[in-house]
Amino acid sequence: MARSIVAITAHSGDFVWRAGGALALAASRGDSVRVICLSFGERGEAQGLWKKPGMDMETVKRVRREEAEAAAEALGVQVDFYDLGDYPLVVTDEARDRIVSTLRELQPDTLLTHVANDPYNRDHNIAHETSLATRMVAQAMGHDPGTTPIGATQVQMFEPHQPEVCGFVPNMLLDITPVFDRKRKAMEVMSAQHHLIDYYTELGKRRGVQARRNGAPGDVVHAEAYQRVFPVVGDELV
Amino acid sequence: MARSIVAITAHSGDFVWRAGGALALAASRGDSVRVICLSFGERGEAQGLWKKPGMDMETVKRVRREEAEAAAEALGVQVDFYDLGDYPLVVTDEARDRIVSTLRELQPDTLLTHVANDPYNRDHNIAHETSLATRMVAQAMGHDPGTTPIGATQVQMFEPHQPEVCGFVPNMLLDITPVFDRKRKAMEVMSAQHHLIDYYTELGKRRGVQARRNGAPGDVVHAEAYQRVFPVVGDELV
Amino acid sequence: MARSIVAITAHSGDFVWRAGGALALAASRGDSVRVICLSFGERGEAQGLWKKPGMDMETVKRVRREEAEAAAEALGVQVDFYDLGDYPLVVTDEARDRIVSTLRELQPDTLLTHVANDPYNRDHNIAHETSLATRMVAQAMGHDPGTTPIGATQVQMFEPHQPEVCGFVPNMLLDITPVFDRKRKAMEVMSAQHHLIDYYTELGKRRGVQARRNGAPGDVVHAEAYQRVFPVVGDELV
Amino acid sequence: MARSIVAITAHSGDFVWRAGGALALAASRGDSVRVICLSFGERGEAQGLWKKPGMDMETVKRVRREEAEAAAEALGVQVDFYDLGDYPLVVTDEARDRIVSTLRELQPDTLLTHVANDPYNRDHNIAHETSLATRMVAQAMGHDPGTTPIGATQVQMFEPHQPEVCGFVPNMLLDITPVFDRKRKAMEVMSAQHHLIDYYTELGKRRGVQARRNGAPGDVVHAEAYQRVFPVVGDELV
Amino acid sequence: MARSIVAITAHSGDFVWRAGGALALAASRGDSVRVICLSFGERGEAQGLWKKPGMDMETVKRVRREEAEAAAEALGVQVDFYDLGDYPLVVTDEARDRIVSTLRELQPDTLLTHVANDPYNRDHNIAHETSLATRMVAQAMGHDPGTTPIGATQVQMFEPHQPEVCGFVPNMLLDITPVFDRKRKAMEVMSAQHHLIDYYTELGKRRGVQARRNGAPGDVVHAEAYQRVFPVVGDELV
Amino acid sequence: MARSIVAITAHSGDFVWRAGGALALAASRGDSVRVICLSFGERGEAQGLWKKPGMDMETVKRVRREEAEAAAEALGVQVDFYDLGDYPLVVTDEARDRIVSTLRELQPDTLLTHVANDPYNRDHNIAHETSLATRMVAQAMGHDPGTTPIGATQVQMFEPHQPEVCGFVPNMLLDITPVFDRKRKAMEVMSAQHHLIDYYTELGKRRGVQARRNGAPGDVVHAEAYQRVFPVVGDELV
């Protein structure tokens, strides 16, 4: 049965580098996948662009948007751009309401977002807090009574750049081998951060080795690491 | 496909109170389930018996063993008694070798055991350490080369009596509704600790409510809480 | 000597379910007990009401208020309603000033509030932060110089719904046996959340068993769990 | 009503520096106070003595013993010397049995010991573990049936030399002002570690300032910090 | 080579009590040292002044400013006053922009600030968050393109008043012996908080003793404790 | 001035994979570097060898020893083999005494070892505990009075295979670029674990990228991550 996945991310590149595999995997299975990009990362995550002479904000945002759209197409997912500004990201009441509406419309089984405490990048924390807060509002019976509250959606945190310093402890290693070519293709369109492609390719292999060390089959090559916020419920002790 | 489950527990009642649901659930699906009881809990967990006049150690151990066997039958599982003494539990090299042999023979998919740090009961910690240590030896290619090493078996910690004080944070709530009658029956044969039956019945309901709050279907009534030691590997982000 | 207790809570039911015993106990001893309800929980904690046809916000708030008043009466405590909205709770500067005034007026010995980090419910965190922030302002010599600063009031966090996931580690188990009938009566008037009565009754018993395990007398039946924010000071090592 | 206090310490100076105030306070109220010194700290905590020419082990142990006895007299407490060796401390089965017998005889209300994890000094950890393990055995109904099991004795950890590095978080600041002169006198007889007197005098003042900051009366001058292992039970929310 | 140090502090006394040694040390070596005082601590940290009859806010702020300037002169550092109000401290967008400009201008090698979570004083947390947030913005290539982004500036947290309760774990003990006279002189001009001079003098000695215990030379008498937010990078394993 | 480095490791490959860069770096500067290999990892860390037909324990140990010697030569360091057995590693009193003697002889400035809690591999924990315990004994004035006690040697933990699961949080990223060719060469002689060469080469690059993100110069390519047990002492706030 098709599932619904929503990722709430601070900057327009985050869904590619950090969760591209999970998103492509879901899309490849026919799940609905929506990415909410709160900003284009236009100020803080577009070094490649700003080094070009004569660059201006509108151009950076346009290029970042085009690249994110191309990457989303490569992954098979759909992106909503909120254009809330970055460094710092400022999430307005209106933006929160829009997220809540989207959550109610899409009824996600799983939410993806950043960790709670990244000392390098406070926008990530704001995206995390926004995810938990909008999830809570979207669950409220008394909010916008004509629409349908969401259930107890799981929240998965994807891997930050320096996991240990951010208190990230993965409790899931997701096999993304079958869709790694899609993630690679998506990474390649992110021209402003080209230096990260090898880094995340190697990280995928590293997490893949760790997955095999934790019991994954021998043909698992690439993996992404995730940490759940809530306990899972299940009917089998695995 | 049938799975193999091994529980390594300090005292002969632990597998009933703390993990009876998980074990009965696995057994009901045709899984192989083996319980390793390191001691009878004869000194520290048999208050009901010691209050009887004229009680002696051999009788306590015999009664505890008979009760554990009856409980195991109710759950549909098999028990190995190691009789290593309790309060304190002392795990000998020989006992560790026996556990390693059993792990290699049974090739468990999942190990169940106590938490790492229970300030109330150091025997629980010793059982935890023994589980991790014997798992490690059972994985070693160079140990007893004629037998087959185990893989990267997951270790699930079951709930201690006072979870917060023991640092227990559940990341799985297991639906044991379909087999709760078996767990109840198993609890009822534990005459030496009869006062715990209501306590664990209510705990099962409490964890059931929490499971529903975390997304379990509405017909989940009883649950048990577990905390994994290692990350899971998977091919779907749930 | 009569003491002064103030509870700062997010939603109008919180003081009943989570701290009703402590509040009734204090009231029964002649302590002054004031509850500050920051919202009615009208959107997020009134499922029972919203399921009724034709329900509207004003009615929900009115019913929640009436129920909270009746519960407060059963417990013997007084409630201030702030009506700041829930899901999300928004604490205005004006509301903070009002809380500070109340703290200065009542000179509490103990503040009760939520935990710092509840991933399920960010309103709880906001109430926690509000408690620490208003306590700080109420201590400031230079704030509203005509009134009397409070001292180093202890802050006690009451138990969240899923304690382990919220990082709650109780360091006090409070015997509420003598007033449990009052708490029960207070819970029974909370019609919008009737399903919680058994849950919290059983939780009280569970904490009571744990209290006895930690040295409480045998006649302790019901308890509530608390975690202090600050160290206690004392003249006896207990 | 007189209480019973037992301190289990690694080296013969520990009870003076770290808990002398608490012990003198209890003694001054008529409580029974017993200190179990597992070693004389003869190898690792007697620098002052070893710097003297021609020093030998027996002399060091004798001097340390005499000093500890004199300090105990100043505090008004009684000491049992176990002479198990230090650096590393080795606790034998026989020693554990002796401790259990003492616990059963004295029926302590409170146990004092070291923290669980002191990276500077593993003897401290061993004393902590010994305290929890012997407490557990002393509680067991089936251990030495002719004697009386102890109840749920609280364990208080006293302050290590470098508290933050040892994970020590005080949750009690004990006013030792009324007996500080006794602690000072006891410290002064510890000739082998004379350099610590000022250090612990100032630490007492520092903890006293903090106690006042946490609500202690203005006449509290000296305090000692403690961290409890188990939750307290009580009938008043303080 | 001269370095650049910036301290971002909540109240005008913080840089003296908590980091005066580090600042004086840097200044004595010819480093550039700038202190950003977000408020005068006029409401919450000027008890001495408010106890005088007829005191008013402007006078308190003026005195606090004069004292901070005199202390800064004693330490050899320069202070920027932001006058944002205290208890609670409110950091405006404009103030954040001013900090970012200062960071870009001064290109600090090290930032000093408060801990992330001080339950006693939420202004400290706000200063911490402001430091991480403005550091992030100052790094962004796309922010104010005509100015120069800062690099990966280390953030050092100085010691809070009650370190263990604030989760402070020092990983650096800084020898301030050569400049302790300057710190002492700076402390002595802080008339509103005179009672703290002995406290921080003794704390300096205590950290000095601990520094020697951790390997500092025997002539280290006074030290200050710091905790880094980010890993250090180095070319020697020390 | 030449420094002295000692690494205490569980299995004979550990010093190569996990700390080869740090050791080669020190050696290249003329420091004394000694590796204490507690076992050959003959049972648990020699999969490549055990897969060969007719393999036996003596051959495995011999090959592991030869490889470790060749790797040590490539790094420029000296190795002591203790041959204590692995899976599980058993550290005898005699072995501890031998380590203490070596520490006293070499007077290390820095000790390297494993993390305290690796759930995958309890031998690592035992090596960690052994390091702290022998460091403590080597510091004791009263131990083996004719020899010279060591000072407050820093202990650096090197990176485990799955850092987050082991609670490893690096606080130092060491630039090993100048000696990476030596580490590579050392890794290449470890025939029994050839599959790890690429893994650790890529890990070195990943830590190098992170080092640059934390302020290392742009020519840092390879790094190793370390976590200190004790605070550093210093005379400059960096």
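Chains: A, B, C, D, E and F, in written order; residue numbering restarts at 1 for each.
Assume contacts are C-beta pairs under 8 Å (C-beta built on N, C-alpha and C of every residue); 3 or more make two chains touch, one makes a residue touch a chain.
Everything numeric here is computed off the predicted structure, so don't read it as measured data.
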Exercise for the section: Would you kindly count the fewest steps from subunit A to subunit D, each step being a jump to a chain that touches the current one? Expected result: 2
Handout entry: Between subunit F and subunit C, distance of the C-alpha-averaged centres to the nearest whole Å
Key = 52
Completion exercise
Separation of the C-alpha centres, subunit C versus subunit D, in whole Å, is 38
Exercise for the section: Give me the residues of subunit C that touch two or more other chains. Expected result: 120, 165, 170, 210, 213-214, 230-231
Practice task
Treating touching as the only link between chains, describe the layout with one word: line, ring, star, complete or other.
Solution key: other
Problem - Residue ranges of subunit D touching subunit C (in the complex, touch as defined) - result: 5, 22, 25-26, 29, 109-110, 112, 151-154, 156, 170-175, 210-211, 213-216, 220, 223, 225-226, 228, 230-238
Exercise for the section: Please give the residue numbers of subunit D that touch subunit E in the complex, ascending. Expected result: 120, 161-165, 168-170, 199, 202-203, 205-206, 209-210, 213-214
Exercise for the section: Mind listing the subunit F positions that touch subunit B in their complex? Expected result: 42-44, 46-47, 50-51, 55, 57, 60, 86-88, 119-123, 165
Problem - Sites on subunit B touched by subunit F in the complex - result: 96, 129, 132-133, 136-137, 139-143, 145, 155, 229-231
